[in-house]
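Look at the two complexes coming up: chain A is in both, with chain B in one and chain C in the other.
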Partner chain A sequence: MPVTPETFVALIPELVALGFLVLVLLLGVFVPRSAAVPAALAALGSLAVFGSAVVLLAAGFSGEFFGGAFVVDGFALYFKLVVSASAFFTVLAAARWSGGTGDAPEYMTLILSVVAGSILLVSMRDLFGIFLAIELATIPSYAMVAFDRSRRESSEGGMKYLITGVIASSVLLYGIVLIYGVSGSAQLSEVAQAFSEGLSPVALLGLVLLVSGFAFKVSAAPFHFWTPDAYQGAPTSAAAFLSVAPKAATFAVLLRILLEGMPEAAPAWTAVMAFIAILTMFVGNLFALRQRNVRRMLAYSSVAHSGYILAAFAALQGPALSTGVQAVMIYSAAYAVMNLGAFFVIDLVGDDGKSYNGLLKTRPGIALSMGVFMAALVGLPPLSGFFGKLYVILAGAQSGSVLVYVVVGAVVVNSVLSVPYYFGIVRNMFFEEPGGGEPGVSGSGALRFSVYALAVATALFFLVMGPLAALVSGAGLV
Partner chain B sequence: MITTIIVFLPLLGALLMLLLPDEERLVRYAALGVAAVPLVLVLFVYFRFGLGGNLDSSSLSQNFTWIESLGVGYRVGLDGLGFGMFFLAALLTLIAVAASWDITSNLKQYYAMLFVAEVGMLGVFAAQDLILFYIFFEITLVPMYLMVGIWGDQNRRAAAIKFFIYTFFGSTVMLAGFLAFGILAGTFSIADLGAGGGLGSVAQVAIAAPVLFGLLIKVPAVPLHSWLLDVYVSSPISTNVVLSGVLPKLGTFGIIKIALPLLPQGVEPFLPYVAALGVINIVYGAFVAFLQPDLKALVAYSSIGTLGFILLGAAAGNAVGLNGAVMQQVTHGLYSALLFILVGVIASKTGTRRIAELGGLAARMPWASGLLALGALAAMGLPGLAVFVSEFMSIMGGYEAFPVQGVLATLGIVLSAMYLLYMLARTIFGPIENPAYEEIGDAGPAALAAVVPLAALLVILGILPGLLINVQQPAVQAVVAAIGGS
Partner chain C sequence: MTLGLLQQEIAYGTLYLYVGISMLLISGFIAFVLVLARLLSPSSSSATKGQNYETGESTVTDPWRPFPVRYYIFALLFLIFDVEAAFLFPWAVVYGELGLYGFVQMVIFVFILTVGLVYEWKKGALKWV
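Up next, the complex of A and B:
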């Protein structure tokens, strides 16, 4: 495994993230406490990661490194863009709040370590490397959830998240070990060879455990139950970020494992995915319908959206293979802009549905932005969420499998099921009179800037759809 | 290019509305101006291209790739099938602005919503790509939801969300059908998808089923209509104008423009049922209208009823029936908008919409009563008025293709004459029911300005139907050829 200068080029995004991470952390030790400097550095770091990924993508850089364990391709770079862009907005939104805790450098460090883990994760092609990268992204996220020491729920959510997360990690590791035992290698290409000779019971058990572990990580039913508690307790910026960036990276690497590591077992895992997708969509939406608390509602909504993405996994067969991969890519980006925005509005306005009453009259800009996010989460055109669902349904229609048609039917039904709770917020904001609930909208200028910028991105997503579609159709795994 | 300009001009208008100062007169006049511009441009297109049969001129269409890997493009253009409704959408938006005297709060926002909805309405009738069609189709949804939910009567919130959920369900099912169609055929361009896009008849049937189902919810065809009454009754008058005049046609137009010519083998097994649904609409609408104590509900059911003629004529699939259906889309919009506005006038003058409490209005409100009578006569298909021409052609075509349904549809004309004449007798004729009505005045200038153009068009198109039919004829022939060629 010769380390060439090219290796360093390939690692630029990761090195940049680590560099800024160390810088922010050291700053906390040596420089008097302030909120602005670490946030500015972290924002700069996210932008630098984004920029370096853009340069690598534009230069058409690709290759395998460390004996094939680390790969740079369009697919990986695309998800590095999604992760770093999400981090940038999260840093802006969290800037003032983290200053208030007095531990801004630590919070920013945690965000950057999740970024480092996630962007490493999407380039991994070795099962043990994948496990390590997942942990690199997950362990700081436990701390992020528990970061708000002023609220008991934060510690509680962090604790619940930690316990379930550790169990999930062990299940995942167990699955990886079984697959390693069957194939004699952790490299995905060699795993693929072992799986091509038929699916032994041990290999199947390994696959099931692996998928279950991932289901925990992406909050898919029936392993989703930690999500509402963790998101409700977590600082809003942490919930926003964790529901978007590491999740997108986890979906990406799951896609890579399944397509590169076990393409021959596709009939088995697409069937499993179809089942999980249907269950996840219904559980997410039906529980979201019952929530009075807006933050818990969005937590269940994120479960439902994991279900929509998993529906694309179920379609990964036959002629729909390429469209299915593109669906996961488009959905991740579309979901990132709208969901980050929705969480940030919660940060501004509050958890209680009543505090949204009459927001159109008191804060029209925020109300309109939230309206855009809610309509996008429903999947109304021409907003961002529509294009995610468009690709998912396209992949399903293309697959030619009856089971996947059922999944598509579930996507359609669930889109309609989600209307009442998303538009319940719209109703409160647009139809009700102000008053009732806790009044007042506060928040820093940076947070409001994030909300507006994300609302514009959600609303005008269609303008970049042409180039974006070209990018993902050229950068797919297959 | 000019088509694109017409479609998106109202969006600029909506932005302009939000930037205006909060001064009622200024806002109202500005909204009239904004709404007039697309109408003037549509009329220009009509005289420059439509009358000469040149709607397929390349200066009216635009075609560029949007999502290349999927074969999705921004493709717009006009044709005879959509032109009448393209005109009507622009006209009824202007009429809605004129008829918005009952909107008193947040006027700017109301007009902004109306103009956003107009973008969707105009776009649907100009779209030449399935995805674009769906996007425009859905753009109308949120503005309509907000217009009903913010400015409607006390039942508005429930009505608004019911409308949203039902029609969103329908359109999402339709989208799934569109996506299957486009991905199997390799393109979403309507021009390239002709005659099934190369798909076999089984695939066509599998695609036509969800597409038709979704479109029939939008119309609404009768068993799928339960969302409609609440939202029609709860809406402000000016919202009713577009809600009944234009939105149902999104559904019928989808059947005529997409389902029939693009999936000829797919819709074939369903056509007798679509025709039957049309007849059910006609007869059910008439019967239930009879039972309504509320004038507005009566007009709403009358509106559902006469939509059935569009379904019947479209399902017939012959030139006469299709011509009737395409024209009925326009004439239905003219008369239902007229009736809804007059109901609003009467309700605001008398303070009630209950038919039992009205009576003898002709003496005090001669203009409003006369126009109401004209609208009712048009609705029952009186010869000499435009609705007669389109209903007659729909029935003729329907009878040719499906004799039973055709005969039953004529029953609807008799029934509608009964309840409409009964309604007129109870509201405008007879002695003055309530002494308080002695004091009321006639419809104001704003209301008359909104209604008289509609009445004039009903008369003009009744005498000279060729003004519309000549424009739509070539496109209708193309649809007939596409169906016959299967």
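Up next, the complex of A and C:
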């Protein structure tokens, strides 16, 4: 019998997410016109997923299930924590807005579907399972982007995201099928055996298509074109959530595929990653410099930050292997707290850069929080973004490869390049006189709570760095 | 393993040779038949031949115009039950061997589909508007 009681224990986070998903959806149709209840239930569901992952992690639970296709280890559980915590703050921030659309239960259901897909994704060890989980996380996200029916840009962004996303999925699937054809199995351990005999041209083509498909999903250049339009059109909470949670899960599963499925091909894929990382960082930052719209600027900034994480992928060789994995894990958590917060401030203040003028005088709390997020996105110590970049640079320095040194140099150059556009906002808030731009909204208490909580988490990230570093060093893939 | 049905001494890569050969054979056969038909058949066209075939009606208006959205609801409902049936038939064939495990799995699957149906029903999607 393939199913044992342990299987259900291993699946608890996924089952909890799916259970709450069904509950929220049915609650929406049986108790109409209640905006607060679905949001509260969805927040409770995110917390329950978070709690179950914490319990599994604390109990040291690990194992393989369904013939090795589903794995629970510290690495997977860590990313389940990142995803569910991001979902919790997103639900809080979206509570009042989604109530205003009249479709709050549907919006919350979509968020929980993305959560279910993402936490399933990080546990997958089978190429076809990975594809299914990616689609489970991506298909609801198309609907999330197009959810705001009162704005035309939302439909436009959703349509662009859908079309590019479907093309990316087919490219990814083609890569998976080629790798399956070469190795005769979709299990990562058996794929690794096939790749150990050297790279055939077909396997290389499969690898390139697979990496291209993933590059689309994490909005890495030159596959980033959907990002600004999708994030600008999307409801702010959707843009915030999609730039953080599914992206972290996608990075995690890409790491698992590359390290467990094709470790012997590391020279090939680290070179590809180095190229993509450098291109992504420069494209993201140079385009972000030109933006006047804060939301679009943050979309390009999320492209740039994908580049920083991909720089850690390029360093996954030689003695830097474990530091590289830790860098991806730390960066994902650090980016989640600062980026979610920055997007939520947009929800409170507005898209236009002028709306931030003199914010320190009119709304000091929000202005200080935004200042913390912007400084963290630049990477100033001791804020969260600093530790992410620190680990990336450490991993690069340990790798002993000239190409990776170039990538690390690009990380440093790009951190400097990003200063003007992040600090442009800070200058507007701190030194300009109030006035100009549309007035912001006061926002719900839950939204303001999210902003302040994330600002505190970003500012005091160094306090959790000790336990977090211990967690990721014990939970890494290698 | 995937090779279970075939003889073990055939190398894995060689299996793709059969796929390649059959693809060549199929496309070669289609091309051959088409060329043969073009060479052998007499060709004469007339106005009567250009008309719509039997049950095909001639269009009276521009066919590119909006049609009622309610047909999409039928399509969606059809999708739910079609997927259900597609899974139920093979399941029913091997039900005896699966036992309780297979039964519980199918109950979960049907339950998830039912949630979708309940949602549509309560949303009023089943009303003819």
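Methods note: the second predicted complex is superposed on the first by the 475 of 478 C-alpha atoms of A that agree within 3 Å, B and C clash if a C-alpha of one lies under 4 Å from a C-alpha of the other, contacts with A are read in each partner's own complex, and residues count from 1 in each chain.
Criterion: a contact is a pair of C-beta atoms (placed from the backbone, for glycine too) under 8 Å apart; a residue touches a chain by one contact, two chains touch by 3 or more.
Only a predicted model underlies this, so the values are computations on that prediction, with no experimental measurement involved.
Novice: Using the superposition on chain A, decide if chain B and chain C clash or fit.
Specialist: fit
Novice: Angle at chain A between chain B and chain C: what is it in degrees to the nearest 10, using CA centres?
Specialist: 160
Novice: Going by the contact rule stated at the top, is it chain B or chain C that touches a larger number of residues on chain A?
Specialist: The larger set of chain A residues in touch belongs to B.
Novice: Looking at the overlay, what does A:I393 touch: chain B (first), chain C (second), both, or neither?
Specialist: The first partner, chain B, only.
Novice: Regarding the shared-chain residue A:V412, is it in contact with chain B (first), chain C (second), both, or neither?
Specialist: The answer is first: A:V412 touches chain B but not chain C.
Novice: Of the two partner chains, chain B (first) and chain C (second), which one does A:G181 touch, if any: first, second, both, or neither?
Specialist: After superposition on chain A, A:G181 lies in contact with chain C alone.
Novice: Which of the two partners, first being chain B and second being chain C, lies in contact with A:L380: first, second, both, or neither?
Specialist: first
Novice: Give one of first, second, both or neither to describe whether A:V29 is in contact with chain B, with chain C, with both, or with none.
Specialist: After superposing on A, A:V29 lies in contact with chain C but is clear of chain B.
Novice: Contact-wise, after the overlay, does A:F8 reach chain B, chain C, both or neither (first, second, both, neither)?
Specialist: neither
Novice: Once chain A of both complexes is superposed, is A:F430 in touch with chain B (first), chain C (second), both, or neither?
Specialist: first
Novice: Which value in Å is the smallest Cα separation between chain B and chain C when the structures are fitted on chain A?
Specialist: Shortest inter-chain C-alpha distance (chain B to chain C): 43 Å.
Novice: Jot down the residues of chain A that show up as touching in both complexes, chain B in one and chain C in the other.
Specialist: The overlap between the chain B and chain C interfaces on chain A is empty, containing no residue.
Novice: List the residues on chain A that touch chain B in their complex, please.
Specialist: 323, 326, 375, 378-382, 386, 390, 393-394, 397-398, 408-409, 412, 415-416, 419-420, 423, 427, 430-431, 465-466, 469-470, 473
Novice: Would you mind writing out the residues of chain B in touch with chain A in their complex?
Specialist: 65-70, 131, 134-135, 138-139, 141-142, 145-146, 149-150, 156-157, 161, 164-165, 168-169, 172-173, 175-176, 179-180, 183-184
Novice: Which part of chain A faces chain C closely enough to touch in the complex?
Specialist: Residues of chain A touching chain C: 1, 3, 22, 25-26, 29-30, 181, 184-185.
Novice: Hey, which residues of chain C end up touching chain A in the complex?
Specialist: 1-3, 12, 16, 101, 112, 115, 118-119, 122-123
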